[in-house]
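Below you'll find the structure I mean.
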Amino acid sequence: MKTEITRQELLARIHSRLDGNPSGPRTSTEFPDQAWPSQEEMVAQFVAALERASGRVYRAANAGEARERLIQVLRQSQAQRIVWAEGSSLSDLALDSLNGEFHMTCATDLGNSVRDVLAQTDVGITGADYAIAETGTLLLCAHPAMPRLLSALTTVHVAVVQVNQLFPTFAHLAPVVRKQAIAVSHMTLITGPSRTGDIEQVITIGAHGPRELHVILREA
Amino acid sequence: MIAETSRPHRVALFITCLGDLFYPQVGEATVRLLRRAGLTVGFPRRQTCCGQPAYNSGFHHVTRQLAEHFVNVFDNAEYIVTPFGSCAALVKNEYPHLFDDDPKLRERVEALGRRTYELTSFLVDVLGMDDFGATFAARATYHDGCHAYRGLGIYDAPRRLLAHVRGLDLFEMGSPVWCCGFGGTFSVRMPDTSGAILEEKIRRIQATGADVVVSTEFGCMMNIAGGLARRGLPLRVIHLASILAGDVR
Amino acid sequence: MSKTTFDERARSAIADETLQRALARVLNRFRVDRDIALGEVDTLRLRQRAREIRDEALSHLDQYLAQFADNAARNGAVVHWAADAAEANRIAVEIAQSHSVTRVTKAKSMLTEEIGLNHALEAAGISVVETDLGEWIIQLAGQRPAHILWPAHNLTRTQVAQVFARHLGVFVPDDIPTMTALARRELRAKFLEAEMGISGANFALAETGTVVLLTNEGNARFVTGLPRVYVAMVGIEKVVPTWQDLAVLLTLLPRSATGQRITTYVNLINGPRRVGEADGPDKMHLIIVDNGRSGLLGTPYQEALRCIRCSACLNVCPVYQEVGGFTYNAVYVGPIGAVLTPAIQGLARYHELPHASSLCFACREACPVMIDLPRLLLELRRQAAEGQPSPIGWMERLGFRLFGWGARQTWLYELAAKIGRFALRRFARDGRVPFAPFPLSRWTRARDFPVLDPRPFRERWKSQ
């Protein structure tokens, strides 16, 4: 097979060129900073970093406050169509019962028309698998109950996250991500709404991805 | 700083080809400064050029020949001091690479490089001297040559020396330290590009409001002075040694 | 082969006021932002780690490439290997044709620019739309990228509006939010109708066979997630051994590039969609491309392959600042381009590029993976001057040989100086030389030349 031969040839060529060309010793595989800040410090870092990236962050002490905040965000967005994905930080928010005031659909009920529906959806609500304090980042992994496009195609993305999902930096999260990489086909790190600076290097919020990112950070 | 017992007594002056031909007064000022510091100064007459133009143009075998000549001329010297940074950088940083095929000679060249100093770093870091009692009332700005600044890590030494010049007010151009566009043969290979970088440099100089540009790099001095003259700007370009030696008023 | 020299092209770039304003805007801003972002971390230590990580990958490149490919295949990706541009393009076209693809969206790939992928696809009747806003604008305008990260930075907002009017037939005010919204609408439709998406990769993680993509716009999520077929084109040098290694590079790349702590999106792709997942491409193809990179292994230029395409070297380069990207007449521009282009494509064609530098070392200082770019430029100059055959003219080579001989006889050096002084005196006016004949005429184009002192230092020394 043409491809197979090229693989062997290419790897052999690379190997022969590297022969007798030792690399320097690797000093350490550990990332410099291993300490864990307190949860309160991480929360403060996360909020500051995400706000710097033009995300909106709200703190909620419990499920009740989280739900109130979510309703506020949905009202402000004047959303016509909302799709939400099941997740542990959402399960006690009784999202089904919001169906009166808002047009809410669960992602698992989208059937085959996932793309088309999401392309018309104003707000996507998801949980997150993990969060990173240093950069104000969410990690979302592909999930049967959550289409990846839910946090990408919609105009507004709302994520409900628990404080105990916070990690200090990506380096701290790396071992976890490695395991996920074997389990799922896709993961995204999200830090704020989409943006571009391609015209005159003027930053414009809202490029191809969501125009707004709202994160509800739950203590409990 | 070196303790009194191992303080240098004798240095050999490395004037450089452009220094010899265009800035001999800087050489004289350097000699006077070193003597004032209590040193005996020698001038090995057979020195010519360190080979920088050849090296930058890729003629390393030619540069190696000149490096061997340099070693022959200066090998006996305890200390070699030059008032121009880029030549010191070539000897210290680049010469050893020319002798990869001859480990023994390479060692000699490396040792020689360790004994070679740019003037300001010699005065401040080796002799521990930063005040020569100089007076020069002027609004000045300091131009760091790229080889001295990034090649040799020289930044504080010239500023410490300038800080002790009575009447001199220093107005920095601000960061980052920016090239003047000389770049050796670059200035003649790519004159328009070089000229544009020089234009930017002159803008930054003018923005400081200074009347005097101080430097320790002959290439940069020629380049900047030439650019100022072309524009009819009255700023003076002066080597730091001339100020310290009291040659300018 | 270009008919103009670098300096001639530079001349028009320098005279172009719009370009000059654009350059000043980009470079000043991102230099400052970069410094601030790097000031938050232990930059020196991170750079040393990053260098080690990249060197580790390169010095065992065959092993890590094999690991990456095997893991990607295990994830369900179909892996292809391409020795050169022609092969890579052929494979891409075959993949498209085998899936009956006629519409492709593309994101984030200088490699595809390098190999001319768009031309190959279009020649096969397949339409390609760039989706990074800057890339889309220059695709419409038929322009080459002006910068590694901001390919359309040379265009003002008014010029962008003109591009939209002329090439899209859409008339919008030259207001940036409006134009961005236009791009969102236009490209949204393209994203949804595309049958195949092609991306490059910022990194190829060997440990799990993961393709890593950094964007701010979110377009990579659509290119890699919407169509039924996704193709990732990856240069062999993109390999990174482990996730821990990626953490270091993820800390440095955004900060070095734009001053951000992290880009808005980082896509981590482990193959096509799996059973049970809600969406994603059915098929994923991975094309691993050499195109001359392996030729740098085992040479002094190997370290140039550490490059993570952050563009910091461009942003601090005084030459790039004055002349912009087009002057280089190459896909990769700036200091890294001045090394990679002749190193991979040959000095016969590109022997000028290593000289497009004043050797100020700013790039070496800025590079997050500590590539000694000035040393590589000098090595390229050496190869050009001393190699057989040499692209350098015989006059120059002879001239330097004579110089080397003459400068070792002191009497000859002193004589030459005397002659030079005498010759120059004719052109002196008021203690300076505003014009002199070749070769000094090249100097006097831009500035006056000083007169040689009538008493050189060595003459004065006698009286010391």
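The first chain written gets the first letter, and so on, giving A, B and C; residue counts start at 1 in each chain.
Convention: a contact is a pair of C-beta atoms (placed from the backbone, for glycine too) under 8 Å apart; a residue touches a chain by one contact, two chains touch by 3 or more.
What you see is a predicted model, and the numbers here were worked out from it, not measured in a lab.
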- With chains as vertices and touches as edges, which is it: line, ring, star, complete or other? line
- Query: What is the chain whose Cα centre is as far as it gets from that of subunit A?
  - Reply: B
- Message: What's the distance between the Cα centroids of subunit A and subunit C, rounded to whole Å?
- Response: 30
- Note on the structure: When centres are defined as mean Cα positions, the distance from subunit A to subunit B in whole Å is 54
- Where subunit B and subunit C are represented by their mean Cα positions, the distance between them in whole Å: 33
- For the complex, which residues does subunit A have touching subunit C? 3, 6-7, 9-15, 17-19, 21-24, 26-27, 29-33, 49, 53, 107-108, 114-115, 119, 134-137, 142-149, 152-153, 169-171, 174-175, 177-178, 181-182, 184-202, 204, 206-210
- Query: How about subunit C: which of its residues touch subunit A in the complex?
  - Reply: 22, 25-26, 29-30, 42, 45-46, 48-49, 52, 55-56, 58-62, 65-66, 69, 75-76, 79-83, 87, 91, 131-134, 137, 150-153, 155-157, 160, 176-177, 179-181, 183-184, 187-188, 191-192, 205, 207-208, 210, 216-219, 221-222, 225-226, 236, 242-244, 246-248, 250-251, 258, 260-274, 276-280, 288, 290, 294-295, 297-298, 302
- Message: With touch defined as at the start, can you tell me which subunit B residues reach subunit C in the complex?
- Response: 15, 17, 19-25, 27-28, 31, 43, 45-49, 51, 53-63, 65-66, 69, 146-147, 150-151, 176, 178-179, 181-198, 200, 222-223, 225-227, 229-230
- Query: Considering the complex alone, what residue numbers of subunit C touch subunit B?
  - Reply: 6-8, 10-11, 14, 31, 316, 318-319, 321-323, 355-362, 364-365, 378, 380-386, 392, 396-397, 400-401, 403-405, 407-408, 410, 413, 417, 420-421, 432, 434, 439-440, 442-443, 445-450, 452-453, 455-461, 464
